[in-house]
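Below are structures written as structure tokens.
Heads up, the next two complexes both have chain A, just with different partners, chain B and then chain C.
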Partner chain A sequence: MTNTFKPETILGYIPGVLKALPITMEILFLSLLIGSILGALIATANLSNNILLRKMSSGYISFMRGIPTLVLIFLLYLGLPQIALNIGIDMSNINKSIYIIACLSLNTSANLAEMMRSSYLAVGKGQCEAAYSIGMKSFTAFRRIVLPQAFGIAIPTLGNNIIILLKDTSLAFAIGVIDMMGKGRALSAASYGSNRLEVYMATGIIFWVLCIILEYSSKSAEKAYTKGRKQSAS
Partner chain B sequence: MEYMVQLENIHKSFGKNQILKGVNMNIRKGEVVVILGPSGSGKTTLLRTINFLDSANEGSISVSNFKVNCNKHSKSQVIELRRKTAMVFQNYNLFQNKTILENVMEGLIVVKKYNKKEAKKVSMEILDKVGLLERCDYYPSQLSGGQQQRAGIARALIMDPDVILFDEPTSALDPELVGEVLNTIKAVSQTGITMIVVTHEISFAKEVASRVVFMEGGNIVEEGKPTEMLVNPKEPRTQQFLKRII
Partner chain C sequence: MININFILESTPKIFEAIPITLIMAFVAAALGWLLGLGIALIRKSKVPVLSQISAVFVSFMRGVPMVILLYISYYALPIMIYSYGLSIGITIDVNLVPPAIYAIIALTLDQAAYSSEVFRSSLDAVDAGQMEASYSIGMTKVQGLFRIVFPQSLAIAIPNLSGLFLGLVKGTSLAYYVGVYEITATANLLAIPAYNFIEAYIMTTFIYEVISFVLNKLFLIIENRLKKFRIEAVLQKKNIFEVVNYYGIHGAIRKHS
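This part shows the complex of A and B:
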């Protein structure tokens, strides 16, 4: 077998793979949005006084963090339509991207809920009490005093979660969505796999660069947001 | 109006631990009441029941004739009571995400609905009084403990409360910073505002208090004029306590 690896061609595949960047970004953005809303609800349930709500949200978080994303994707993509068919609902017309967005939203919502819960708890109780002591209502105190501080505390974790989510979008190819990973696979298949090493290296480089950008943004956001102020009061 | 603050039969338990065992107190307008007592005697809890940071299990609280029943109160009653009181905390509890000026303005803007310009003007005046004008754009973490506590006093004062509650305002401070805060509190007391101060600073109590209350085990053991209480207390428990801390 001869060595067919042509490193000089790697960069040439980047534009081709990048054509699917909008799809990857769409999946990332929508999953993040839906996951955040879901995560906020779950975090609220987890912090409530209701034992049932607490148990349910803890169970949800534990399950979603424990199950591999790919397993969840197959469960939803292959399993759910089957169950639905049994009760007379045809799900075959649903866009595949929607399954991916649903799975990633569910998956990331657990991480985001955990992030929100611990950031909330990291803001000292005294901050709320001080707000109450001058006559603020509890929602106002949350919005003006606790939330801004919790957000500052959460920024690094949020950055990490977005990076994990970005990488997980590449699982979309598994059910045939043409995201960047899917695009890379298609490019490789078009030349019968002869260039697959180069194509996947190009794909890897793109993800890597995106992660570097995200990491840098998260660091600067944290710096800008917390300038001068100490986070996490006693 | 007879009394500014009336506490009637305040009981408070945490779980099975009874912390306050029926405290009664009547405070006239302009009085400065200093509460003394060993650690764990319920002083902090008593102050916190007055503004419902902890709600008492039994009894009633009235501030400038607004009376709230402790075991039967609504949210809006609690808010109204809190708007008649203000608190200065042992650990300052300044809003960490806001500058000193913003800390002081916050209550005016959010609670009293001042516009920003007005709120700023009034806040600057108060900050000038507590000697923090030059530090108004700093964040709490950039200030010394003494400066933070003076800002805490300004944040309480600006709400124009009927009574200010001080919970050991100097006990988290380095010794060399205690003086500046006590002087600020002294100045506040001279404006005629009603105050309840928990402190271990005996000489401060002698100078500023109109009444000294000694608490132990969730009860008021003895109370009286500072000259009597601090020099010739009647109760042996008070005598013992004073001997230990002087």
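This part shows the complex of A and C:
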């Protein structure tokens, strides 16, 4: 075994890996969009008075918390087509990215639902009651009074969830999607693995920088948004 | 449609892989949380160079996906071990090191970073007066930390630590990519010959769900046990006059101001 590690070449691999950045971003945004729609539905179900809906949504949340993302990806990508084939649906021509987006949306929807629920509850009943007292209907009260406040409370958690989601997109390579991680693997395979350590470090650095950018923007978004508003007593 | 025979045959084999998953998780949590506590104390007491290094370390670990950390650990550590061996004059056969070690090291560092944030916020949550009070009755800094501050901050940190630990158990599934035969890898290996993926992954899902359910309950029990260290809980239980006797005027004012 010889030491083939050349730290000076790490930065050289960054442009190659960055070529796959649009795919990673596409997966990130689509899963975030679908995940937040799903999450909103689940959070609504969780806050409703219907006991069945409440049980179902909390069951869903704890299920998604217990299952590793990788297992969920395998379950959907390798398992689901098998079942579908048995009932006569051919799923083999569906794009692989669709599976990844579906898995990550499901996974992140549980986190986002929890976030929405807790920030909704953090706003406090008095706000809603005050809105009713001046004659607002419940939807108007939610849209104009509760939502703006809950959103401010949710920003830091939302930022964290987006970072977690960004890191999870790296699992797309597990089923052969060429995202940044997949690109890195392809680059290292092209040189028969001799530069794999450098390539993975380059990929890691890109993720790190993206994460720092996200963290910074989440902080400044929070500052800009909560400026002049009543701070939540966290 | 679902091959029951396959499930019956492979269940014992998948069960055999549970200990590896749990060992990886427990070792990584034990080492990682100790390291995390160290980092938290370093950053809290603002030790000059070390605290900046730990800040960068924490940010790196938070920003880089687990898979990449595992790969870096898997490919970089053998080189480091080998060259260390050469420097002290022995040739170490790095192929003999089980891959689980690399996975544990990566998971440990990840846990250290995340738990250091948890510990830092929980140490901040303990009122500074607690430490001052322990100084006032003649405790040293170490005594005050271990007897007064740590129990209280642990009680605050437990819910977050439980979340971290569940994430860690889920994270061990990624050790599959560095060749550790834990639950996911075993299931995959068993499923490949006859394409029994759906059965294998339903079982895997079920096992992970059971593990996280049990762990969740366990952490709830610990959380309830540790509640006695939480000042708010004690204050709620006792009547205000007793509180004044227990904690002095300061505690009573804090509660009722």
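Following the convention adopted for this analysis, the second predicted complex is superposed on the first by the 231 of 234 C-alpha atoms of A that agree within 3 Å, B and C clash if a C-alpha of one lies under 4 Å from a C-alpha of the other, contacts with A are read in each partner's own complex, and residues count from 1 in each chain.
The definition used in the following text is that a residue touches a chain if its C-beta (ideal position, glycine included) is under 8 Å from a C-beta of that chain, and two chains touch if they have at least 3 such contacts.
This is a predicted model, so every value here is computed, not measured.
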Inset, instruction - Based on the superposed arrangement, let me know which partner A:224 touches: chain B (first), chain C (second), both, or neither? - result: neither
Legend entry - Which of chain B and chain C A:79 touches, first, second, both or neither: second
Legend entry - Partner chain(s) touched by A:170 [first = chain B, second = chain C, both, neither]: second
Inset, instruction - Mind working out whether A:145 is in touch with chain B, chain C, both or neither, as first, second, both or neither? - result: first
Inset, instruction - Check the residue A:51 against both partner chains and state whether it touches chain B (first), chain C (second), both, or neither. - result: neither
Legend entry - Greater residue coverage of chain A in the superposed arrangement, chain B or chain C: C
Inset, instruction - Could you look at A:71 and tell me whether it touches chain B, chain C, both or neither (first, second, both, neither)? - result: second
Legend entry - For the chain A and chain B complex, residues of the former touching the latter: 124, 126-127, 129-137, 140, 144-145, 148-149, 152, 228-234
Legend entry - Residues of chain C defined as touching chain A within the complex: 1, 59-60, 62-69, 71-72, 75-76, 78-79, 82-83, 94, 166, 169-171, 173-174, 176, 184, 188, 191, 195, 197-198, 201-202, 204-205, 208-209, 211-213, 216
Legend entry - Of all residues in chain B, those that touch chain A in their complex: 51, 53, 79, 82-83, 85-87, 89, 91, 93-97, 106-107, 110-111, 138-142, 155-156, 159
Legend entry - Contact footprint of chain C on chain A as seen in their complex: 1, 3, 5, 62-63, 65-72, 74-75, 78-80, 82-83, 86, 163, 167-168, 170-171, 173, 181, 196-197, 200-201, 203-204, 207-212
